[in-house]
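Both complexes below contain chain A, partnered by chain B and then by chain C.
== the complex of A and B ==
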């Protein structure tokens, strides 16, 4: 499953050709990502821009809204199987979840559950590029993100729910919990996954705790490779649409995990108990303490 | 945020609609739809206040050529006039090839 980009291999013609021929998902916008993952011609958007389900709260605060509120819901076929893609647009408000955008995802998950319960299996795929709940919509966003979580837990009894961290924003805040609830999580080396973003940690706990400008440090703690190596993501793939599609198909074929990551509460408690908060491990040390596969 | 409204003469109808762009930093989204009115009605919501004259100049130039009866909505997050024109051209290409 693992295909890292950061190997020490020399640049061969084969590697260069592969690099040049790939279609970067990171460089796409959310709607393009959904289109790229669905089989050609099968993309059908639900609650699209012309339905104008925009945020009623942003204009009241002097902020320009978006006609889809930054979430794209698309039905279609993924590798020949019915799928619904819920894609967050990271360029709009940092992918922040508002009342409307989060409701679109919660509603799509509820419909997927209804389909699965009536023997019409459908694969749910979340494309996460989000800083978490949109601060301007505060508790309204929080409440609907809680609904998303309840829906994922109900839906993953029927079908594996697949999450992908798709862009350079990463996946933070309440939506990092969403990622944690997915049956399988896919991440690119460029991706980041963490409850609190680096800037928030530095602001609240001081620069001694975390220097948010130190990219090497940030990625060594919450970057894609680290999250994969410590078992918080199930697949680490190169940033390529076709590769991502194959990975989603392969993970879906594994079926529902015997136990979801979020059900392993006791195991994680034991792992946390081994950490001394006075002398916390750095990235490489944590990989040694919590190697991937340890929780399975 | 500032809301600006414009209206232009139209010489013919539009049969298709299009959505392009994203409300991200330095970018904008354009929604363009057929209209029953004999004019092109444009509403701009922009995050940068005080640039009404610049918007007018860009839209005057675009609608001097695009003379279709349309309902146009623009949600702008600080795009430059060049980017605005490119997005309008992109939308026009989809609805009026």
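== the complex of A and C ==
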């Protein structure tokens, strides 16, 4: 069964028809996702598999590399405007960022900034399905993820940077910081966003802290709907390529936010000061305290 | 109420050594130390994360970068940016000895990812605003801890001493997740350089501006503290000559050998960017 944003509503004919006619983004691979978002005929992949830029580190560990290292960079038009899609393939190494895959994203962001700075606007869109840094390339993966952060912070002064968290891997680790830096973040109900994966929290802090097998609890903390309702994401969309494309277009049209979420330092400090860790809120309570990020 | 002696940590040791006679800044948190010191007539802002057994968030009591720590770093870095907006830009120095990020249920709920993003954002904003930003690694620099507190610096410096470790994940956890033993992981680090925990292997990646040798990281002498201060000051002078951004980490002899793939990706992407 598909979760929707209106799960309390009865299933109307209109909704049923839309469900049946939708094109699931979750079921697509990264390349298809990029193709689905770009206007028909405009998709052009950069550093595609035939360029054979593979991880130099995986074969040393007996792991078969892929010729795109799990990241698709595609230029084209999105709703008639120039765009670059940076899509992470969650099915390869859990979407983990290695030297090559992360450099593809950092490099594309840098080129987008060069274009925007010379009056050639281009909309950057990140499709984030990733466990974070690829542990087989640990320090280099992390170093290049830091480069991605630096590039987003520099680029979003010129153009809104849009992040999308689809399913089913979610967006974790150093790449959850990337999501936090985006101008606008779109999340599917099936998406999860957190710095630490549930298994890592259980492993580091113990099962009393978090039982990683308690799915209801996990989703109440970091699931797409929860993140949207508490203001950590700007849009919650159903799993449909056309809906996603419209959402991205609408967010881009809002322009650069007056202040990015990661710049709202005083609001978050005040709000955190009102939290009592000895009597912590649960997911539903936080929705009431921080409705859509409008914190008192 | 019992008196709790502050837990010792390299972060605290080096903060106190480098911030001697400095003006402390009240952060309201026992885990975040900030001070403005005067080095050679110039004001510099020092920031460190230290263990605090009384931290009201239990998962951040051992020197982890927790929810409040990330936002506090962001606040105190931005405070310096705002204060210096029409003035000389004071250098900002992150003293890095961070266990990792805090792992917990409440941390997940309250968005620790955004807290770390805010800290990274503030350091990067300072860098772009013209503040020389240096990270000095004196102990462990693990995972999100370094991404939030250090990685956005113009220059990374580290002590060449036992216990100075940079990595994406604690060794035991990384072993479990990659289905290896700790011994296998150590062995692998000798040939697969990015997998190593040892700071000398890390230096081969070209990410460090300088590895400072001959220093007792746990109990530095006055002469050693002066030596480290002098090297950080030299890095600040270097930044003023060649500010740049993080791509400076690709432009050095070590990177040309061990980050050839990063360089190749950026080069070929630029070639294909405008091709029809």
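In the analysis below, the second predicted complex is superposed on the first by the 287 of 296 C-alpha atoms of A that agree within 3 Å, B and C clash if a C-alpha of one lies under 4 Å from a C-alpha of the other, contacts with A are read in each partner's own complex, and residues count from 1 in each chain.
The working rule: a contact is a pair of C-beta atoms (placed from the backbone, for glycine too) under 8 Å apart; a residue touches a chain by one contact, two chains touch by 3 or more.
Owing to the predicted nature of the structure, the values given are computational and were not obtained by experimental measurement.
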Task: Combined model on chain A where chain B meets chain C, clash or fit - done: fit
- [ ] Give the label of whichever partner, chain B or chain C, reaches more residues of chain A.
- [x] C
- [ ] Return first, second, both or neither, reflecting whether A:24 touches chain B, chain C, both chains, or no partner chain.
- [x] neither
- [ ] Tell me which partner A:232 touches in the superposition: chain B (first), chain C (second), both or neither.
- [x] second
Open item on the list: Quick check on the superposed pair: does A:246 touch chain B, chain C, both, or neither? Answer first, second, both or neither.
Closed with: neither
Open item on the list: Touch test for A:59: chain B only (first), chain C only (second), both, or neither?
Closed with: first
- [ ] Check the residue A:213 against both partner chains and state whether it touches chain B (first), chain C (second), both, or neither.
- [x] neither
Open item on the list: So in the superposed three-chain picture, is A:92 touching just chain B, just chain C, both, or none of them (first/second/both/neither)?
Closed with: first
Task: CA minimum distance (chain B, chain C), superposed complexes, angstrom - done: 14
TODO: Quick one: which bits of chain B touch chain A in the complex? Just the residue numbers, please.
DONE: 1, 17, 19, 22-25, 27, 29, 31, 33, 45-47, 73, 75-77
TODO: Would you pull the chain A residues touching chain C in the complex into a rising list?
DONE: 46-47, 51, 53, 55-57, 60-61, 73, 75, 99-100, 103-104, 106-108, 110-111, 133, 135-147, 149-150, 153-154, 173-174, 176-181, 193-196, 200-201, 203-205, 209-210, 221-222, 230, 232, 260-266, 268-269, 272, 275, 277-278, 280-283, 286
- [ ] Under the touch definition given earlier, write down the residues of chain C that touch chain A in their complex.
- [x] 56-59, 67-68, 71-72, 74-75, 78, 101, 103-118, 120-122, 124-125, 128, 143-144, 146-148, 151-152, 166-170, 173-174, 176-178, 188, 191-196, 202, 205, 207, 245-247, 249, 259-262, 264-266, 268-270, 272-273
Task: Touch list for chain A against partner chain B, complex - done: 29, 48-50, 59, 62-67, 70, 89, 91-92
